[in-house]
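Just below sit the structures, each encoded as structure tokens.
The two complexes that follow have subunit A in common; it is paired with subunit B in the first and with subunit C in the second.
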Partner chain A sequence: MHSLGYRANALLTFGVTILACMCAIASFSDTLNSPTPTARVQVLNINRFQKKPDGDDEVSMTLNISANLQSLFTWNTKQVFVFLAAEYETPKNSLNQVSLWDNIIPKKEDAEFWIRTTNKYRFIDQGSNLRGRDFNLTLHWHVMPKTGKMFADKLVMTGYRLPELYR
Partner chain B sequence: MGWIGEQVDSIKSIQFRQLLTQAISLGMIVTSALIIWKGLMCVTGSESPVVVVLSGSMEPGFKRGDILFLHMSKDPIRVGEIVVFNIDGREIPIVHRVIKVHERPDTEEVDVLTKGDNNFGDDRLLYAQGQLWLQRHHIMGRAIGFLPYVGWVTILMTEKPIIKYILIGALGLLVITSKE
Partner chain C sequence: MLQCRGSEVQKSTFGVLISLYNQISIASDKRFLQMDWQGQRLAETLMQIMLVAFAGVAFLTGYFSASFQMMLLIYMGGVVLTALASVPNWPFFNRHPLKWLDPIEAEKHPKPESTSSSSKQEEGL
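Up next, the complex of A and B:
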């Protein structure tokens, strides 16, 4: 009844249960946080706007991104993954989402930043539909916890219209 | 030798009825584990509701040995989501982030491109030869929750099978020799 095996088993079960409870509580405590992030994105310049040899349009642009995501961090936050996506509609596709830039923010101190950058991932359409096309810029973030549920949200920025002519 | 002798004696002394009880309790453990797994499959709608991260391609978000909980719903796939997908002709599922989505009107058809946060380039090199996009049927689920370290048990067991056999053997012996 009170052998070593039983005691070890009881201790292990108790330990694991407590750990699981603490993980659940830590994850739940994230939902009490109501963040108020702010961000601003500007398209500074269209560097290149061409039709590739295979017929798809490609854009290269310079972006100015500034944001303050510090309020997303809680004690259970391991990192915040932030990325900027262009969203637009074409006759072929009802929705196109193209990630232009992303970054991993591991610390709260780094969550207030501004950066001038060209698009990190190639902005290529499926087809040749980008001339004079309006697109929305959206800043998304993905909060990855130390344990538990992941959170994601976004801020929709002002849009931008691509030029009518290749350059 | 005394300890082993004792254990052998205790195995010999087992009555038929006791043996039956132990077989039933073992069966209960196995079936309840199965019930939990199948129940999770129903709730999450994913073929494999829990996966272990096997590579460092999503670091520092997900490390090797972390466990991910998956959910598969009818919701359309959007950029930024972490999805688990299977490539035709590859056995091991991959956990990466969606960076491009092109969705056709009316039909459910969608073209998706993925990338590991810690990888330099996108995943076209990992896809099948000539494959440029993932379609809906490649995707097994999206990651919604996360538990660190727990997956190391399975990684250890698949990489060093001897540990698995020792563990199973020890547990089996414990079940047989334990009274009550």
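Up next, the complex of A and C:
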């Protein structure tokens, strides 16, 4: 502490150390939040369901997605990435996941939303397994904090079934 | 000896300027460019307490107003204030000057061995 430069150096290093501690505590405070998100997805219409020339099944559907993810947001949340995936089981693979729609939610005000959309990404099975197939629609989300650890969780909605015939 | 030389130099205008500069630099040394030992400890303690206090205030304000940016702004302001308070050589860090022995005391009791050895060395050279 004998000179001006030494004191400035001590102030800087101690200040940055405290800043790191504050960020760590802020990240820890996220774990105290127990979110209660809700989501509901309706399949309004199967627009197209056909076998492609290469033999893979492809579905186009209109979806009605409504969700309230506001409880995911804390003071340390930068944004939330959310995507809707169709998940189903085939004889070859126990879990197939196809992403149908995604979105980035930058603000808490935007986290309660309602959207009617066709699937943003193509719903293609690598094979011909989709006729009469039961599938789940799962809403996955990744919470991206300003500092600290990312969180990921999902909400599974069951009881969807594809038609028996191509159309 | 030194006092005699000083009075001789002061007779010329150049000498007046030099002595003036010496007086100013000595005065500024003592008043503005120094911290005594207790001042240094006070500066370090002040810096640590202020930073931790500002960090606590910033975190609580940010948490309860749900604004990360607010926390960072308050803490940045706190760091600047702490730097202004503890980094420069403020006069209140220099309130406990060291009491050196009077130089006359040393002249009254010179060490006989050191003077004799130095005189021998000068003779040898």
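One rule holds for everything that comes next: the second predicted complex is superposed on the first by the 158 of 167 C-alpha atoms of A that agree within 3 Å, B and C clash if a C-alpha of one lies under 4 Å from a C-alpha of the other, contacts with A are read in each partner's own complex, and residues count from 1 in each chain.
What we mean here is this: a contact is a pair of C-beta atoms (placed from the backbone, for glycine too) under 8 Å apart; a residue touches a chain by one contact, two chains touch by 3 or more.
Since the structure is predicted, the reported quantities are computational estimates derived from the model, not experimental observations.
A.B. asks: So which one touches more of the residues on subunit A, subunit B or subunit C?
C.D. replies: Counting contacted residues of subunit A, the larger count belongs to B.
A.B. asks: Figure out whether A:75 sits in contact with subunit B (first) or subunit C (second), or with both, or with neither.
C.D. replies: second
A.B. asks: Can A:29 be said to touch subunit B (first), subunit C (second), both, or neither?
C.D. replies: Once the two structures are laid over each other on A, A:29 reaches subunit C alone.
A.B. asks: Quick check on the superposed pair: does A:142 touch subunit B, subunit C, both, or neither? Answer first, second, both or neither.
C.D. replies: The first partner, subunit B, only.
A.B. asks: Look at A:14 in the shared chain and tell me whether it touches subunit B only, subunit C only, both, or neither; answer first, second, both or neither.
C.D. replies: second
A.B. asks: Output check: A:2 vs subunit B and subunit C. Expected answer is one of first, second, both, neither. What do you get?
C.D. replies: So A:2 only meets subunit C here.
A.B. asks: Pick one for A:67: touches subunit B only (first), subunit C only (second), both, or neither.
C.D. replies: neither
A.B. asks: Shared contact residues on subunit A for subunit B and subunit C?
C.D. replies: 1, 146
A.B. asks: Which residues of subunit A touch subunit C once you look at their complex with the stated criterion?
C.D. replies: 1-2, 4, 7-8, 10-11, 14-15, 18-19, 21-22, 25-26, 29, 74-76, 146
A.B. asks: Touching residues of subunit C toward subunit A in the complex: what are they?
C.D. replies: Subunit C residues touching subunit A: 35, 40-41, 43-44, 47-48, 51-52, 55, 58-59, 62-63, 65-68, 71, 75, 79, 82-83, 86-89.
A.B. asks: Under the definition above, what is the set of subunit B residues touching subunit A in their complex?
C.D. replies: Residues 60-62, 76, 78-82, 97, 99-106, 111, 115, 117, 122, 143-148, 174, 178, 180.
A.B. asks: Touching subunit B in the complex: which residues of subunit A?
C.D. replies: Those in contact with subunit B are residues 1, 5, 23, 27, 78-79, 81, 83, 85, 92-99, 102, 104, 106, 121, 126, 140, 142, 144-150, 152.
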